[in-house]
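So that you can tell them apart, the chains are marked A, B, C and D in the order they are listed, and the count of residues begins at 1 in each.
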Amino acid sequence: MQHVIQLGATALQIGAVYILFSLGLTLIFGVMRIVNFVHGHIFAIAALVVASLLPRLVEGGFAAPTAYVLASLAGIGAALGLGALIYFFGFRHFQRDLVGSFILSIGFVLMLDGVLLSLFGGSVRGVPEIFPGTLSVAGAQITMQRLFLCAVAFLMAAILYWALAHTKLGKALRAVAYDHEAAMMVGVPYGRIAFLGFLIASFLAALAGALLAPVTIVSPVIGTDYLIKGFIAVIIGGLGSVPGAILGSFFVACIETVGGYYLDSSYASIAIFTLVIVVLLFWPKGVLGRG
Amino acid sequence: MDNKRKTVLHWGLGGGAAILLSLVLTDPYLRSVLTLMAISALLAASLRFVMLMGELNFALAAFAGLGAYAAGYMNTALSVPFVLALPLAGLFTAVASALFGAITLRAKGPYFLLIGFTFTEAVRVVYSKIPALGGTSGMIGIYPPLSLDDWMAGIVVATSVILLLGLFAAERSDFGRILLAIRENENVARSVGVNTYLCKVIAMSCACFVAGVAGGLHAFVNTVISPGDFSYLLAAFALAYVKVGGENYFLGPIVGAVVLVALSHYAIGLGGSEHFLYGGAIIVAVLLMPSGILGAFGKVGPRSVETKVRAARHAV
Amino acid sequence: MPNDTPTLSITGIHAGYGAVPVLKDVAITVERGSVVTLVGVNGAGKSTLIKVIGGLVRPSAGTIHFNGADCTRRRPDEMVRAGLGIVPEGRRLFGEMSLRENLELGAYARTDRHAIAEDFERVLTLFPELRSRLSTPAGSFSGGQQQMVAIARALMGAPKLLLLDEPTIGLAPVVVDRVAALIGEISALGVDILLVEQNAEVALSIADYGYVLETGRVVMADRANVLLENPQVKQAYLGV
Amino acid sequence: MKIQLKSTAAIVALSSLVAPAAMAEETIKLGLSVPLSGAAAVWGKGAEFMCETAADEIREDGGISVGGETYNFACLPYDNKYNAAEGTKVAQALLNREGVRYIGGSLGTAPVKALQSLAERQGVLVFTVAWGASLKGTDHPMTFTQMNTPGEILPVLLRYVAERHPDAKSVAMLNPNDATGQETEALASKVWTKNNVDVLTSDFYERGTTEFQPIAARLASMNPAMIDLGATPPADAGAIFKELDVLGWDGVKIVEVGTGADGLKATGGAAADGVYMGAGVTFDGDTVTDHQKAVNTRAKERIGESLNAVQIGFYDSLYALKAAMEKADSIEPEAVADSLPRVTFRTFYGGEIGFYGTNIYGRDQQMRLPIIVTQVRDGQLEEVARLIP
């Protein structure tokens, strides 16, 4: 029984990160109809900036939580800057062009691989613990750091969910995702909304990066694993669907956790891919995708 | 048909020149570059063939891998001779891709693309789990017969020319026109009685036959293959060849492959900066030459039926 | 009104998709206080013209003046802000969103909360049957109701000129009459109307002025009642 | 700046195609086939640094004297991206474009196999740190190994650990699902059994994994006395130990081919304490020479972490080559390969060593490097045993 709770807690923690990641992917796809492979690098640059700034700030005399907040702000800022740059010099010209935007994003991915490697080096960076301690819930162990990560991730997902339903920007984003021409005809400024959608998505990825930096391996290639899992989550849930992204993320996290526990973890990876195919047999547009 | 004769002449001249070049080149390094160009061109042309029906086959890398592993396994474990292993590898891949297509072609656009992407990554893990395929360290000793060793460049280029010719003929045939019609509007195509689903599966299978043979050539040329050779980057590069060369032209993927493979051989000396240069080249090409090199330098060679009725750039 | 510049005046418009020309040298004027109709068969270029006016398709040549200002290369949202309302062909409602949200989006370009609330009430007075279904997803309405919602949504933008693209297509005759009556009511509220229709009989009977579009060109232009009597129009569009 | 320099180098290299005879004759080009991008880039960068360090030292020492001429080494690092296809491209470029006749070092089993296949046909001498058993043996007379491999490390390390912890009678193993992982796993389970330790499970995971919680949960659920992470890279190993720590598992920790404490500490923090490693190199303590310290300091500046055994192999191979060339009085690869097993040279670890391995591989192709057992204690890597085979 105890290990079931532990597995549940693990799936929840991993799922939280995948949610942050896949929400961005689904948002960008919904608004701009592009498949953004650069998302992983937006995530990575935030994590890298946090990982390289944090130890220096701590050495410079800041308290760890303060330093963490400062480093996270810098990381998210850098990621947003990169996102804006990529949008203006790239994706802006390739909205709704699946092939064109995709090949462009591959170009950015390759280039950023080189840039991140030369800026941050290939070595793995350690980040000191910010919130020490572990919490024991019904026999399952969770670190405070992970708990914080989960809390922020779920909070962000809730805020996004609420904002999409109730704010003017949220409604505009949904309208654009549903029918961008109709949205333009009622006066929604498509270009600005697409840019804001892209920035929000980048922000979510950057936040995930900043949150994850203290608990995982931070290296320039960190984004690829999340990119693959994130895409699987949105395919399962349905591209462009916010509840779908959340559902898909949990699905992937559960398979990864349970499969990794009962089989070995490389079979769990194969299991995830097989299940995607099975899901698509029954729901060619994902479980919650539009028919 | 004057036009037809001109096409035949073009193919005769171009293909003949390529084969001749592969035979007269004696420098082993330049030969290796030329064979890589030919294999890359095949992969890119295979990708473009599926693009004719409006889908992006990102599982290309997986199918090239299947072809390579099939050829390698037949050659090393079952002692199937080179001349037989190559077409059998293509057939095996064609059948596998037909199965894959039958399941996944019910989905479209980004779904199809992303399934291909995940399939590619999954297949790689599967190879690594099969000791008979050499696991992660790869399969070695995939040698063509010793007597053919000096002729490999010529064989690769000649095979490529024949397969490209096949794809060209298919594109120009009624079947090719059906694919274009599916890209334009699948519902219209279906309403006039075309079984679009079957056509898509067949097109996928044909394209993957070519990819499988290309994979087989890759195995025999390199003599060593590993799961890492067939990551999604292979499909990404093939897409770059198509896009940089010009996706609206049959020659586009070939030109793109020649240019980018040459560039990557220059960049390989740059160490870790290679990605930087390659990525930069793709970005510049895509941003500044939206219809590729051929589009930028005018209409060279046999131009494919102009298909893409691009919606006028919306004022967004 | 003292100001006698036309609400909309477009001249010499050429437009198309890629290399395929759709509109050739089109000129149309909508005078203040008028209902103007543009009739033509499928593929004549009517919807493209709507998109050109709405800023969704850039014309390759020609000018568009709206309320006296040159709006030739304005973005769609700028056109809406300037007072253009569009009821697109096929309604194009945001089907997954509630009726209320659809109406709210209609007022996206406006910031005057008070006036928006007033217009909201006014629109619901115009379409009383919608009031009880404000939280229903727009996609679940019937075809006729969806047409009402599309018009209501466009009116929420407080337009000076309303473009209606095939508002009667696929509707039952009773509903067509309702739409025709509505257009009169809206016109009476001081909104000028450009009605694009295949159904020439209905369109010409409610319009003041009419244009006939054939393969991207304006081939006839006259007062609507004159066009109704024109033998060529009768033969080609009225099935007489 | 760096990029510019390298581009210039590449242009020079390209133009050498046109005019092959124009190169300076006293330079011996050493090709390096290493990953310079992706997850293993830091190993390749360190390898490049160590090759250059040794080449510079040898140049300052007066070079290599063969037949009255003085030669010097130049390192040509090419990115093999850790796969066979790029390994082939690199091999073609090094051997057929640059005309390299010596591979100063190579990394990654798949790309090295591709390189070896071409090199053997052309009589090129290959040094490698790759472990694939199929790379070694009498079939490969021109291949030499510049680093300890599981065959050398595991018997020593595992016996030491088993003796230190006589009560620990069970182990759970985990390895990355790649060539090194598979080779290590196969040997390690045999050696554990030989030492009367029960192998409870032996798992694999995909490289590039970032979430280690499920893996840790599975390992901990077996409740083993020891956990052996085999060829798991240090950073991954640190992350796993951290998760194990959270789960409350406390036992003997081993990273058989752990190469350094930096990555381990970076991700594992305090949970990395107590980890035994078989390929670690420590730069703390009294036994460390000034030379080792100085080189390591420069390496840290350049690549961001301490040197490890993989990278040090790229230093030792140059001194081995120098010794063999001078002994053979030739720069012909065949002659040099003949004399390599018979020479001794100064290793980076200190002392003179030669080659051995006839009884395992059928020929003396393995550098007789010390096998160092290290342990992380209070955040420092300490040498706890050293054995010179």
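Methods note: contacts are C-beta pairs under 8 Å (C-beta built on N, C-alpha and C of every residue); 3 or more make two chains touch, one makes a residue touch a chain.
Every value quoted in this text rests on a predicted model; they were computed, and no experiment measured them.
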Partner chains shared by chain A and chain D (touch criterion as defined above): B
Geometric centre: closest chain by C-alpha means: A
Chain pair with more C-beta contacts, A-C versus B-D: B-D
Centroid comparison with chain B (C-alpha atoms), farthest chain: C
Where chain B and chain D are represented by their mean Cα positions, the distance between them in whole Å: 36
Centroid distance [mean C-alpha coordinates] between chain D and chain C, Å: 73
Inter-chain centre distance, chain B versus chain C - centres from mean C-alpha coordinates, in Å: 49
Separation of chain A from chain C, taking each centre as the mean of its C-alpha atoms, in whole Å: 42
Residue numbers of chain D (touch at least two other chains): 2, 37, 41, 45, 177, 206
Where chain B touches two or more other chains at once, by residue number: 125, 128-129, 272-276, 314, 316
Set of chain C residues in contact with two or more other chains: 55-56, 75-76
Residue ranges of chain D touching chain A (in the complex, touch as defined): 2, 37-42, 45, 177, 203-206, 208-211, 213-215, 217-218, 221, 234-236, 238-239, 246-248, 262-263, 265-267, 269, 303-305
Chain A-touching residues of chain C, taken from the complex the two chains share: 54-56, 75-77, 80-81, 86, 88, 92-97, 101, 104-106, 108-109, 153-154, 157
Residue ranges of chain B touching chain A (in the complex, touch as defined): 51, 56, 103-104, 106-111, 113-115, 117-119, 121-122, 125-126, 128-129, 236, 239-240, 243, 247, 272-283, 286-287, 290, 314, 316
Residues of chain A touching chain C in the complex: 168, 171-172, 174-175, 178-179, 181-191, 290
Touching residues (chain side chain D, partner chain B) in the complex: 2-3, 6-7, 9-10, 13-14, 17, 36-37, 41, 44-45, 48, 77-79, 81-90, 92-93, 96-97, 109-111, 113-114, 117, 132, 134, 177-179, 181-183, 206
